[in-house]
Each structure stands twice: as structure tokens, then as C-alpha cells.
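Below: one structure in C-alpha cells.
Read from first to last, the chains carry the letters A, B, C and D; within each, the first residue is number 1.
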Amino acid sequence: MIGRTRWDIAEGYIPETSTGPDSEMTSHETVCLLNPTDQDAHVEVTVYFGDRDPVGPYELRVPAERTCHVKFNGLDDPEPIPRGTDFASVLESDQPIVCQHTRLDSRQAENALLSTVPYAGGQ
Amino acid sequence: MIGRTRWDIAEGYIPETSTGPDSEMTSHETVCLLNPTDQDAHVEVTVYFGDRDPVGPYELRVPAERTCHVKFNGLDDPEPIPRGTDFASVLESDQPIVCQHTRLDSRQAENALLSTVPYAGGQ
Amino acid sequence: MIGRTRWDIAEGYIPETSTGPDSEMTSHETVCLLNPTDQDAHVEVTVYFGDRDPVGPYELRVPAERTCHVKFNGLDDPEPIPRGTDFASVLESDQPIVCQHTRLDSRQAENALLSTVPYAGGQ
Amino acid sequence: MIGRTRWDIAEGYIPETSTGPDSEMTSHETVCLLNPTDQDAHVEVTVYFGDRDPVGPYELRVPAERTCHVKFNGLDDPEPIPRGTDFASVLESDQPIVCQHTRLDSRQAENALLSTVPYAGGQ
């Protein structure tokens, strides 16, 4: 099977501050999407919080045979993702895709990185 | 399947010291829990050590459609997690949930991050 | 099952700059391949981008009972991997292998590391 | 299923140098083993290289209901793991266990961390 239609990312946090020479070093929370199929994938992201109802869907499109590295920092429809707040997210796609979750944290002088493949649900 | 009822985290370590401007930068070991179901999840955490019997259960609740980012630093019932000691943990939930394990290590001047999705057992 | 014939790495990025005392500290994007079988594995890597058609295959060989840590920085046939550009990759092998994806990012003074096991597709 | 009997770690590298105040900060490559069963687990580690035959088995024991965080730095029977050399490893256990792979890299002034759950083969 070449991908999955559902991915659950339990970890999410956009630091409020950054240190670094340019925008490349801004703290960010990213989900990398790969659509290896020959059909465009339409992805709906639902964002979960600790103390209120989920928000979404945020709609993404990953064209056939393309990758799309999406910063949660940039999602703003239906509303921006709050900074300095724990969240989680679920991605549901109409095509099988592959996801990887990465954070660059530049709150202190040197950047730190984390990355993992989220939990793959769905088909 | 939208989650799993058992998660095993083989890595666990809370550094004894921290460096940083505020509590946000305290070294911590975190497990992020996402409950995407419409039923509250009751989670029991058992903590394993190298040289003594397991301790637990620590009881957590993740409300329906909520995420909960739990610091092992803060668990204290039945007893605090010792600092500077290797441990592991098993989470068992009465609802399918998704977990992610993250550590912020600020023992040196700049923080380091690790994150991974633990081993998913259970249903 | 001792490995898989397809691995999908949704995250890929080779920083354009590095800091450090020697070539060991050059920013790099690596895929570690382990072939635990008694047959040589022939691996084809296809690289996906955000805005153009995939490039490949890049051909790798992992001898029987050997590991091979491949830097994307060094791949140049059919063409080098561009720096400072988001990409993703799919590895297809004629033998079951195991992959792990690691990045050393030394754009700032101290290095940062990420590593994860990519999504395992195929058999 | 509460664990697996085979784990493959494609990434392995013990840096030759370290920076830091004490032995806690020595660069190390660790595999964390959790044996949640009520039977002692006997684990055999085979180490793979790029240019020579595999070495092993290194024998480990993880008592019932215990965790064991093993540094590759400390393995020396049948022979030490070479520093500054790419390797990979396969763990085979007579009981189902759970593994997590972590590296602390302190070659530069600040430490970097990576961690991931290796590929789970076996039963």
C-alpha cells in the first residue's frame, strides 16, 4: 500500500518566539505531505485543543506526484493556529498520502529539530 | 482504525537540571495524547524501571475530541517520577487514542528536542 | 517479515549553509539502509518536488548483510538534489530492507539532529 | 500484541568526540528496551557495517517487567563498536519487547538529540 488516507499528529506546538538571522529560522511546525499517486489529493486538517472544540477543516491540496511542506504557522482559514498553545491534528485525504511531522524550535540561540512519522490510520 | 488502546514508550528520562529563561524551557518529558473519539478516554500509565517493580497506575483522562499534553515531570500519584533515572512507560486506554512522545532537554545552554510516535500495541 | 520493499520519506531538505569545524559537520540529509538479507539489494530512489515532475531513479546498491548510509547531498545522477528546496523521496528495493532518515542541520552554530523511520509501504 | 521479537535499527553512529561538563554529556548511541512481560527476555544484537561482515551476537538480558537502556558505547563482547563509523543493528529477542533508539550528540558545544522507534519485524 503506497500511503494512507488518515494521519493523526498528537503533538503540536508553535513557539511564540524565535531567534535567528532570517525567516528561514523562524520557529515552525510543519507537516510534509507526499502524494505519490497520479491523482490530486484533497486533504482536510482538523485541529484539536485541550480546552475547546476542534477547529477545521483546513483544506489543502497536494497535486499528483508532488510533495507539499505545510507550515501550521501559515494556516489561517477558518482561523489561525494559536501560538504557545498545545494542539493536535488529524489529516484526512481522498487519496493515499504519506506524512512526516517536523518542528524547528529556535526559541533559544541555536535551533532544535524534531521529526517523526505520525500515526497512520485509515486505509 | 482511528487510534490504539495501548502505547509502549521504551525511552524515558527526566534530566535533573535545566537552563533557560523561564519555566517554558525546563527540561521535560512529555507524552501528547489525542482522543479523536466522541467518548472520554481513561488512560492508565504504568512506569517501568531498571531495578525495581513497575509503579502505577497513574490515571489520566482525555476528554472526547480533546488533546492532552502530559509532562511526566508533573505526575505524582502514586509517586513522583524520579529525575536522572531511566524509565519506560505503558499507556492503556479504554478508548482508542494516539500518542506522541517528546523531550525538551535544556541541560546545556541550548535546548534539544526529540520526538517519536511510540510503539502501538493493543487494538 | 525482515524488511520492506518500499519506503516513503515525506520530509526532505538540504540546508544551503553549514557551520562547523570540518566536513563531518556539514549539513546533510541521510537515509540509512540496512540489508539484512543474503541477497544484494538494488534500490531505486525517486525524488519528488513541490512544483515539478519527480526526478529519478537514483540507483543504489546495498550488498547482502551490509548497511549503507547515503547522503542525499551526494546523489548526482541523473541530477544533483537542489539545496534549500523542499523534497520528498520514495525508495523501492528488489529485496526487503530497513530504512531510517536522519538530518544534521548545522546552519546555526550548534548542530541539530532529527531522525525517524519513514513510512513502510510495499511488501 | 504487546511487543515484537525483532527490531531493526538502520541508523547507528557513535561520534568520536564529546563536549560537556561530565560523563552524562558524552556522545552516546542508546537503545532502550522495555520488557513488559512476566518472563525475562534474552536479546541478541547483531551489528552490521558498510564494508565487512556483521559482528555478534552481543547478548543482553532484560528482566521481566523491567526496562534496560543500553549504550552501544559500552558493548564490547565479542568486540567494541568502532567510533566514527556507520553501523546498523538487529535485535532478536525470545520474548516480545519494545525498543526505542536515541542518540545524544555532543560533538559541538550544545547537545543534539534524536530518537525514533525502530522498524519492528518478527512476531
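To be clear about the criterion, a residue touches a chain if its C-beta (ideal position, glycine included) is under 8 Å from a C-beta of that chain, and two chains touch if they have at least 3 such contacts.
Source: prediction; values computed, not measured.
Each chain's centre was taken as the mean of its CA atoms, and the one lying most distant from subunit B is C.
Superposition of subunit C on subunit D using C-alpha atoms only gives a rotation of 90 degrees, nearest 5.
If you average the Cα atoms of subunit A and of subunit B, the two centres end up 21 Å apart. Counting only residues that touch two or more partner chains, subunit C has 109-110, 112-117. Contact residues on subunit A toward subunit C in their complex (touch as defined above): 1-4, 20, 24-25, 32-34, 36, 65-69, 98-100, 102, 106, 109-117, 120. The part of subunit A that touches subunit B in the complex is made up of residues 6, 8-13, 48-51, 53-54, 86-88, 90, 101, 103, 105, 107-110, 112-119, 121.
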